[in-house]
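Following this line, the structures themselves.
First subunit A sits with subunit B, and in the next complex the same chain sits with subunit C.
Right after this comes the complex of A and B.
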């Protein structure tokens, strides 16, 4: 999954899509994940990092991740070309 | 410090900075930002309560103009009088309804030294609300279907064709979304009384409202294109806040329009982007929009470029602007002495 290149993110979780003018407020966690995705870190690495830092099961993280990706799609923040390898 | 623009005297209409604002004040702010504070701004007003008349930091002097219905003779006579006092360099008309007259008298204005940079009458006509659908079809521009209404008796057939909701629009200004026959009839009556015929019924497109401010060179290209997404919309459908965005599809639409019309001067595309990401042009305004100062603040000062073009300068097309630049409009109570209002009302100048 790749975040669109032109999406602007800030450290405090504010996201601006310059193509649509939409803006979103995310929490600190969202901000960290968005930044990682924007920097090209793949899904497996991001998930591994979360599992290392937080007390969460793999199953729960997978469910939350799916929900996260749905939200990103709805917000039109993902590149159309999906990288299934990640 | 003096520049080559020091002392230019520019006439600007559209000083009605109210809840349905004319573009005049935004144009003046952009002119001062682009050409320097030492230009002289002469405001042209139609009514004594247009707020811009009393904005002393922006408007140096204001003259009342005859309404467009008074015709070109009255307008030229008035502008000749004003020019004798002011030695105008150029005029930027900012109302749809006055453009027809200004275009007709443009050669006469030039003879007395006043420049303009306007579209031709044919160009003006082609994007008229009443002709927009046919124009779009002919040139491959996406425009929602519409019907021209000349009597209330046209409504049943048209509403059957377009379905509800639909948009009922005035010839020059105003639009209402009609959700049933009663509201369609009410809108039709209000708009025919205000603006005459035809009243337009347009298919309603649900989606995000985007406007594009552009400046056509007159030879089929654009010198500047700045798209803005509306973030806060008033009951009258006007943007009260908006943000510059970047989308090549919008730029391509504007380029397609300029190529099809050879548009000369300012214009604004009003666009809806629907849920399937399809763009529809719902209106094309033949002038700067009221939010034009945002374009200048984002890096493309279209009013200043237009004045330079009118003076024969070779203006390099803009190629970038800042996205994510917001404008947030606000209200401000100006306090003026009744004597000033009285002077404007009685003598037609202040």
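Right after this comes the complex of A and C.
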């Protein structure tokens, strides 16, 4: 699950998609995750880091991660992962 | 090392648009206490969902409304509208403030007697009064407000051999310039039906015509409608005096004053648009004082306000069960209270506050109840902070009608607690149990579980 390369993010949660002109504001947790995703950190590592630093259970984080991915898809911020069938 | 507080990740699309002339939305505030009692403690002690009533607020509402009328008119009497909330503890608060009882069924009538209200301080309204109900009301010298000719004829028959004439009024319906006109109750003013009923009462010689009653609608947002009603009732009373030689002792203007809830579809919140109780009092009292009554013959003014006196004294506490993302990307939150106990969510966009701290981020969401029914929608759209399962919510202004119109449907009805003026908590109605619900059921022998 990769975020589009050209997406601009700031530390305070502002997100800009130059391809579409859309802009978004995110909360603190969204900023942390977006920054990690942009730096190419994989999902398992991001989750492990959150569990280490934040007061959240594995179940809750997994539940929220699913919702987070839906939000990113909805916002058109994810790279399309095409299955070429080979 | 102590861990940082977690909030689920959330992004919101920024949509530049037209400026809002009403300014930015201030957003929800955490609502942690009711009359100094912590919401989380109430839920821990009595479960979720839970209705909470504030005795302080009920008394404050009563006194402020009574002051609004009594400072403008010499003779004022309030009668508590039982159907609005007939939990005995609630009725007793109003009675202790001086309210009579206004009832609309034999059930409510007997409840008022049980609450120790003197028979002559019970106003008996409504279209359905049985022969037994009427006999009881006659024996107790209650004020019987006649709704239709069948009731009038029955009363005349029941009074045949009585030495003391029953005290009666007729309910009058009228055009007050609002829609809908409630013409299904009582006798019409404009077409002369009310006058005919009055002459019939007097001609019978069996009934004592004591008052005139109207109740022009509910949640009325125009003061002028009450002014018209007061003028028409005063006109009728003066005609009774001059034509029928009957002194009308009281005019009962009923209720129908709005609470500060926001009606569905309203552009602005109720608190910004609705007239205050003082505005209604000013209109009604002005019209009566400026009518042709001699100053020493002004009739007693009775008011049967319900909703306006208790709605904002009631809260519903609940808990978030789950979060969902709907097919169109919109957030939906499932809570443990549904339309079965929050009947008024069909009429109002109830204000809902989280009961714990939250970050400034808000999300537009639908709030769904726990019933397996598509219509169980508490709010179709509301901006609330990010809620997690287990978080508590407070629904505001739910004191009127919910604790009488609630349905036992799919699940139990919750407990109701009262916070008194010293911040003591009293359980005034226990939560339902399976035994309670099945108490009056009977399974025939051949269908019993083996």
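Everything that follows uses one rule, which is that the second predicted complex is superposed on the first by the 81 of 86 C-alpha atoms of A that agree within 3 Å, B and C clash if a C-alpha of one lies under 4 Å from a C-alpha of the other, contacts with A are read in each partner's own complex, and residues count from 1 in each chain.
What we mean here is this: contacts are C-beta pairs under 8 Å (C-beta built on N, C-alpha and C of every residue); 3 or more make two chains touch, one makes a residue touch a chain.
Predicted model only: the values in this text are computed from it and were never measured.
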Combined model on subunit A: subunit C and subunit B, fit or clash: fit
First, second, both or neither for A:19, with subunit B first and subunit C second: first
Of subunit B and subunit C, the chain that contacts the larger number of subunit A residues: C
Superposed arrangement, angle subtended at the Cα centre of subunit A by subunit B and subunit C, nearest 10 degrees: 90
Touched partner set for A:48, first subunit B, second subunit C, both or neither: neither
Which of subunit B and subunit C A:56 touches, first, second, both or neither: second
Gap in Å between nearest CA atoms once subunit C and subunit B share a frame through chain A: 6
Residues on subunit A lying within both footprints (that of subunit B and that of subunit C): 23
Subunit A - residues contacting subunit B, complex: 6, 8, 16, 18-21, 23
Interfacial residue positions of subunit B with respect to subunit A in the complex: 208, 210, 228-229, 231, 242-243, 245-247, 273, 323-324
Touching residues (chain side subunit C, partner subunit A) in the complex: 3-14, 323, 325, 329, 359, 361, 386, 388
Footprint of subunit C on subunit A - complex, ascending: 13, 15, 22-30, 32-33, 50, 53-56, 60, 64, 67-68, 70-72, 74-75
